[in-house]
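Two complexes, one shared chain (chain A), two partners (chain B, chain C).
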Partner chain A sequence: MTFRAQGMRAWLVQRLSAVYLAVFLIAVVIWYFSTGEYSYDQWRHLVGHPLVNVALALCFIALLVHAWVGMRDVLVDYVPAMGLRFFILIGIAATLVAMGVWTALLLMSVFSP
Partner chain B sequence: MLIKTQRPKYLNLLKIRQPMTAIVSIAHRISGVILFLAVPIAIYGLALSLRSAEDYAAIKQTLHSPGLQLFLLLMAWAILHHFFAGIRFLLLDLDIGLKLKTARASAWTVFVLVGAILLVIVTELLT
Partner chain C sequence: MRFRIYRYQPEVDNKPRMQEYVLEEIQPGMMLRDALLKLREQDETLVFRHSCGEGVCGSDAMNINGQNGLACLTPLSNLKEPVEVRPLPGIPVVRDLVVDMSQFFYHYRAVKPYLKVHDPEPEVEFLQSPQQREKLDGLYECILCGCCTTACPSFWWNPDKFRGPAALLQAYRFLADSRDQATTERLEDLEGPYRMFRCHTIMNCVNVCPKGLNPTAAINNIKKLMVKDMI
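Moving on, here comes the complex of A and B:
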């Protein structure tokens, strides 16, 4: 596969993140139906489990990257005015980066008492 | 010589009867944008659930309030449609189901699956 064609990388990133998100969603649904009520401590403990924590982090990375490519595709198709498109793209990028930092701090917060 | 014809030009999207495959596609986009807008709400919910035992209990209760359940139902639709239509697109990328007949059938399958699951959710909520 060549990356010389424009958009090939975005195309691949969109599909790889899609597969991860799909598998994650299936796992969450299975987990939801196979466990009972969680207390606050149990819930924090679960998110603090290294595997769950990393899986969640990967999920958010995939989600934000997927959202970026998807929103960019939508904007390229529906907002022909370059200035406005650029302005909205910057806004979306800033929002996604902020979300990334927020979730990173959040996922790390369970390790401190 | 220019020949003036009176052929109808249906550029009005509302006048074109869209095939099921097109509806699945545009719904995939709409659900995607909805999910993008919902990301901060979801992260905020996660943040609250991890902040303190009181917040955890509060968010649990909020999730069961009728107003939010309607919102969650919209989210359920967006996730389900994006999930099933997305799998369909991934399969199409792998050259699976490219024939028109199969593509139409899979488009219908997406709608039926999403509708059936939503129906189960609504029934569960009402009973």
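Moving on, here comes the complex of A and C:
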């Protein structure tokens, strides 16, 4: 079987992103409650660490991809009219891409002085 | 005992209606099918399918108090009054409780529910070890009554494209069979966003199966086979 296969790829991507989100969010919650209060500068310093920055970026990529597959699934189920489905999909894609770009800008902003 | 039964004759009626019936002589151990047969003595125009009366033929699948099941396996003592009996949901009604199963069997045929062998056939029988045979347990018992597929919301939304739990259970029944040699072919046929991947593990199918089978597990096993095949 080839990897371009649509149903399988979407399903696998959704499962893998879910696993990453679950592990990452549990780790974040444990870390949050096991440390003291953070000032703004400390937060900035933490997010500026390359590992934390990449892990956060992966978290948001997983979240956006997971949302895309989920929303696409809902539309395939409930919006049978192809034209309308396509129109809504474009809207969702644009929103998710905008969120992704905004997140990328935020994550990169910690590296500028 | 009081009953409310769905009545509809598309050639004559504008829209379906629910008709009230009362059955006085309820015997202990009576099943819904027995009650329907008695009610048909009262009203000969009531139409429903039935045959073996013991959950083998799968003819008398219907929606009983909101849940799909076989009338012949549903004891009256378990039912709340008035007992609401409707045809299986999501497929066209031919008359009263009789539904058109064409779509259901279209999907069943589409999964090619028979052994496919590419090697020359053996001169005697196909041999199978007890362990290999065991893998078919929980799969071959399906009687194709349609309770699961017509209870599945994914089938309601995409009845023409989603194979449905019954057909997918049969697809896995042949994927799991040691004698079948069409694994890749079968898996490729189930690819794409509709045929199998409309399943969102809602598990209504498992809930209603009168034979206690688990189509959701079968679908998950097909997905595992696909991942294996891909790697």
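Here are some notes:
Going forward, the second predicted complex is superposed on the first by the 107 of 113 C-alpha atoms of A that agree within 3 Å, B and C clash if a C-alpha of one lies under 4 Å from a C-alpha of the other, contacts with A are read in each partner's own complex, and residues count from 1 in each chain.
Just so it is clear, a residue touches a chain if its C-beta (ideal position, glycine included) is under 8 Å from a C-beta of that chain, and two chains touch if they have at least 3 such contacts.
Keep in mind it's a predicted model, so treat the numbers as computed, not measured.
Of the two partners chain B and chain C, it is B that touches the larger number of chain A residues.
By the document's definition of touching, of the two partners only chain C reaches A:V76; chain B does not. Contacts of A:V110 after superposition: chain B is touched, whereas chain C is not reached. When the shared chain is aligned, chain C comes close enough to touch A:L12, but chain B does not. Using the contact criterion defined above for the overlaid structures, shared-chain residue A:N53 touches neither chain B nor chain C, since it reaches no partner. In the superposed pair of complexes, A:W102 makes contact with chain B only, with no contact to chain C. Chain A residues in contact with chain B (one complex) as well as with chain C (other complex) do not exist.
On chain A, the positions that touch chain C within their shared complex are 1, 3, 5-8, 10-12, 73, 76-78, 80. By the touch rule above, chain A contacts chain B in their complex via residues 15, 18-19, 22, 25, 40-41, 43-44, 47, 63-64, 67, 70-71, 74, 95, 99, 102-103, 106, 109-110. The touching residues of chain C, when paired with chain A in their complex, are 153-154, 157-158, 184, 187-188, 191-198, 200, 223, 226-227, 229-230. Here chain B touches chain A in the complex through residues 29, 32-33, 35-36, 39-40, 43, 46-47, 49-50, 52-53, 56-57, 79, 83, 86-87, 90, 93, going by the rule given at the top.
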